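I am attaching a structure below and will ask some questions about it afterwards.
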Amino acid sequence: MAVIHATEYDAAERQFAKAVGELESADQLLALLDERHPAYTEQPAAVVTRMRAWVLLALSRAAELPAAALPFVLEELETPHDPYLVAVAAICLRHYAFPHPSFADALCQALLFAKARDYPVDLEIYGGVGGGSSPLREVDGTLAWLKSAAPPDSCCPALPAFVSGHSRWNYLARRKAAHLEQVMLEDQFGRKQKYGARFHGHPTIVVFFYSRCENPLKCTLTVWKLGHVQQLLAERGLADSIHTAAITYDPAYDTPDKLLTYGRNRNLRMDERNVLLRAPEGFEELQRHFALGGSFFESLVSRHKIEVFVLDKRGRTAASFERKRWREEDVVEEAAALLAGTGSGKMARFGSWVGLLAPLVPKCPICWAAYMSSFGVTGFVAQPSASALRALTAFFLLLHLAVMAWRLRATSWHWSYALSLGGVLAIALNWLWSPPATLTYLGAAAMLMAAVLSVSKTDPSTKGSISDEAVSGPIQKNPVRSINSHGDLSL
Amino acid sequence: MKKSKAIKKAARKAAPAPDPVAKLDVAEGVEGMKQAIGIMTDPAAALAQRKAALNALQGASFGHPNFKEIRGEYVAGLRQVVDDAPQELLQDALEILSQEQDPYAEKKLVDGLRDDKKALVKPEDALHYLSYNLHAGVQGVVRNVFEQSKDDRVRQQAVRLMSSDPQAVKLIERTLKDKKESAEVRQTSAAALHALNPQALQKWAEKTALDKNENQEILAACLTAINQFGDEKTISKNTAFRKRISQMSKNAPPRLKQIAKGLSTKYGI
Amino acid sequence: MNVDIQVNNSASLTARYLTWAWSPCRVRVTNPTGITGPTASVQLSQAALGGAGSIRFSATPTGAGAATLTVNVAAGGASTPFFVRGLTASNADPGVRILTRWRPTPAAALTQVGSVDLMVRIRKSAISLNTGERTRLINAFAQLNNQGMGRFADFRAAHVFESQDEAHGFPAFLPWHRAYILDLERELQIIEPSVALPYWRCDQAAAALFTPSYFGRGNNTSSVILDPGHPFLFWKTDNDVGIVRQPGFNINGVSPQVLSQALTLALGPSFAQFRTLESKFPNPDPHGMAHTSFAGPIRAIRTAAKDPLFFLLHCNVDRLWAVWQRQNGRYNIADGDTYQPAPLAGHRIGHNLGDTMWPWNGNVTFPRPSSPPPGGTMAPSPCVEKPGLQPQVQQCFDYQGTINIANNLGFSYDDVPL
């Protein structure tokens, strides 16, 4: 059996493989699944594939696949492109807590691929080049696992919301795009326009792609679906109000004539409101702003995720659909809702303020605890003679911090936790160095503000955050079972 | 019609005996395919037999209903052939694996380009096989090979791969303009530049067409580029070019004259 | 008097192309001066033009036809139908002129009152094309490729791993490829209407095909050697330029691993037997083994369509089917041996007679490929209506309208008469 041993790869890969084997927590492994991780910088696609497969394999060795890994696993099955990755992803999926009916679509896609590319893979060594298994064998195994699930109406908890890949930001939470205003964009007809001029004044549906993408289920499909989006917009009479844009990851190669041909061959409407764009200078700005999930090798994209954004009339991201297969109707619905909201700006702002105040009305017991702990603490501390209550006060302070810590895991808003902590410290300091109670009130205000803003975030972001459901605990500390005479590292 | 009949007659006269090919003595169906894989990977089997087995299996990949069942074994077998077969056979295996974007083959080829001692095939062949996968990550290796090699076949193949590398535009342009380069390398450079920057190629082509000292093959390539993909507006304004084409359509070697006449018709010269 | 003649019942110049199949035409009076009475009798005849070829006329789409035909045309201008078909092929456009002549009085000489030029456009052996035909073919291919940005990219993208089962290994291999090369041929004809896709007869010596002036001479792993200024110099598919193809056999002879036409036709009288020509492991065949007669992209499914020779190879496979159909009278899908009878559960989708075929049907529902079907619908023809925008398997059998003239797909082979 022809095999490529770990020692035959470049030093960078060997080190990576070894390092992955030594990682102890799922969090650390999950961080490696972010396409932007520095480990993937200037690595070609073939190397990135091996690296990601090794990380996923390591995750599959956990007692249970963390939920945060699901989007990545499902992505590999929905947009299969490499036999090794597909085999690994299939294994990972059946290590999830429970089979879920929604996995069927991804597995069917993987099955189609596996039948055509059923090549031998070795799931014990880095790189997978060897034998012992195959994508078809693993996909079949996962299908059998899926079939073993109870019928849909009696089974399964829901999957975490972030698995859908759909995120939304309310008015105040949208990231400002002012720094992009001057980025020059060139369209398929060679017309140049700055970002601000292109995207201001109307909602825009933006996708990212590149013409040299060899995975037909990613860029080609994304742009083709954008064509459907255009049709849906036209059917709903929204084609004039909602624009579309496809921006290339590969501005050096995707010149205007290539953009034009690409769009034409995918039946894309191309006019003033519907464009394909490249940013010959300033693509890095776009990359940072949109937190594009991709890595590059020289000018070539090594790896990217599916990314669709709905921008508001100020060019700020209001919603995104990432990684998972998205429905054209959902994207249009988001843009239409945004349009309805921005149709009268006052309504949008009013809505946002209402939204801001809404958290003041407790929605859940934990939120209640967060608020009340803030109020309660303030009340207690304001009773200078209630020294006997200080223990209770301390208890509620700690309770508040615990609740905020729990919210932190869901939101990743470290600064809101810092604000709470600051407030608690301020109150504690005030105890130690007597009244006036200015610090106390400031501390209480800080705690209240932190609590309110923490609960105002609507959907958890999929951008690298790990929610409390996601982490099932550290993986077993058994990083390297053995190193054989070839230097193969096996988990 | 007469000419084609004559060609046929000549071809029949000259037809030699068919190439000798070993008869593959295996069963039909899956069993036979497994037997063929065994022959293909058997170092003790005669080369002709092993080649026949490989060709038959590859032919079966074009839709034989049983092929899917042995596809994995076939790929494993090809990888094995890469490791221990005579050159002629391992090249076939390497190409087929490369066409499948097999990581095993790609690694072997890249290693061979980086280190002569590990090379399984000639560099131009390695470059050709790697051209089947844009994402094999060999852009830098290709540029290095091009810069270091003096072999035209290698350089031509390297230029083929550079036709999708925007970082190589300047290198390709330089090669195209260098009259010391071989015609084949320059012609491939023209095609590669056209893939990366059609405007740059047209500009060069219009200028080169006026160069009476230029190699005829390169002149022909220029004119073909303009004929096939030229921008009418630019050409209509280029008086010197139009005059040159008019001259060439009356007085030039036959091939150039023919192309110039076609250009004259197309652009109303 | 003057008359107007429409070939294929169309006034379009692009409709003036015939095959061996009967094509509906019509003639009508445009200027009735001199006609006494409600009708006039006109004679339809033909004259050879520079492009050669000859035709036959008939009042009905049956029989062998005749060199001339006399019809009555209404003085009021109503059209009179008639039928025309090719008898010998043209090699340039136009090849034949239909003349309409009329005697003003019984004693008068025949006067020409109308004419139309057309071409008998037939798929021929690639090595039998003359210089002009080859030049037009190559130019059309090069423009369809358009340095990688033309419609050729869609044809290349339709023949990959993901779509394997749509076109290979199942009964509709032959119908699918018939539709596929027909689509390509029609795209070539949009660029150059006189072009018909030629076939590479792999069981006969074809050295003239593999020359620098034509489809290129093999150069190991380098691009094929082409004449200076050859349009294929700028051929581009995927991310690389050039055509790479190295014959694994002596091109002055024949590859020993391909099956001869005689033995292919002898595979059997039923479709189930004949379709094994797709691959006859471990024996020679005229398809898979023809592909693997070369080194280069053409030897693997995933990359084969990068090489324009692929389409000539498949044109020959299709021709073999056409020859077999004629030998065995296999045009009627009601005949169980014309196609492979389906089991109770049916064939895989895309392979049942009533199924539409990917990619033309735009279907992305499992088990069809989920990736966008490249190229959209089938290219229409100005000459015929079938197979329509989304061809069905069953529309690929009666390709010359033998059973029903309306089934005509608009192509014929030089060695497969009606």
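Worth pointing out:
To keep things simple, chains are lettered A, B and C as they appear, and every chain counts its residues starting from 1.
Going forward, a contact is a pair of C-beta atoms (placed from the backbone, for glycine too) under 8 Å apart; a residue touches a chain by one contact, two chains touch by 3 or more.
All values derive from a computational prediction rather than experimental measurement.
Taking the mean of each chain's C-alpha atoms, the chain closest to the overall C-alpha centroid is B. No other pair of chains has as many C-beta pairs in contact as B-C. A straight line joining the Cα centres of chain B and chain C is 28 Å long.
Mean C-alpha positions place chain A and chain C at a centre distance of 51 Å.
With centres defined as mean CA coordinates, chain B is found 42 Å away from chain A. Of all residues in chain C, those touching 2 or more other chains are 239, listed in ascending order. Residue positions of chain A touching 2 or more other chains: 115, 117, 212, 257.
Contact with two or more other chains is made by residues 68, 100, 134, 164, 198 of chain B. Chain B makes touch with chain A in their complex at residues 68, 71-73, 75-76, 79-80, 82-83, 100, 102-104, 106-107, 111, 133-140, 164-167, 196-198. Only residues 91, 127-130, 142-143, 146-148, 168-170, 173, 205-208, 220-223, 227-231, 233-236, 238-242, 244, 248-250, 252-257, 278-282, 285, 287-289, 291-292, 295-297, 299-303 of chain C touch chain B when the two sit together in their complex. Residue ranges of chain A in contact with chain B, taken from their complex: 1-2, 4, 8, 43-47, 49-50, 84, 115, 117-120, 127-129, 131, 134, 136, 212, 214, 252-253, 255, 257, 297-300, 302.
Of all the residues in chain A, the ones that touch chain C in their complex are 105, 108-109, 112-113, 115-117, 212, 216-217, 220-221, 224, 257-258, 261, 265-267. Interface residues of chain C, counted against chain A in their complex, comprise 149, 151, 153-154, 157, 160-162, 164-165, 239, 366-367, 369-372, 374, 376.
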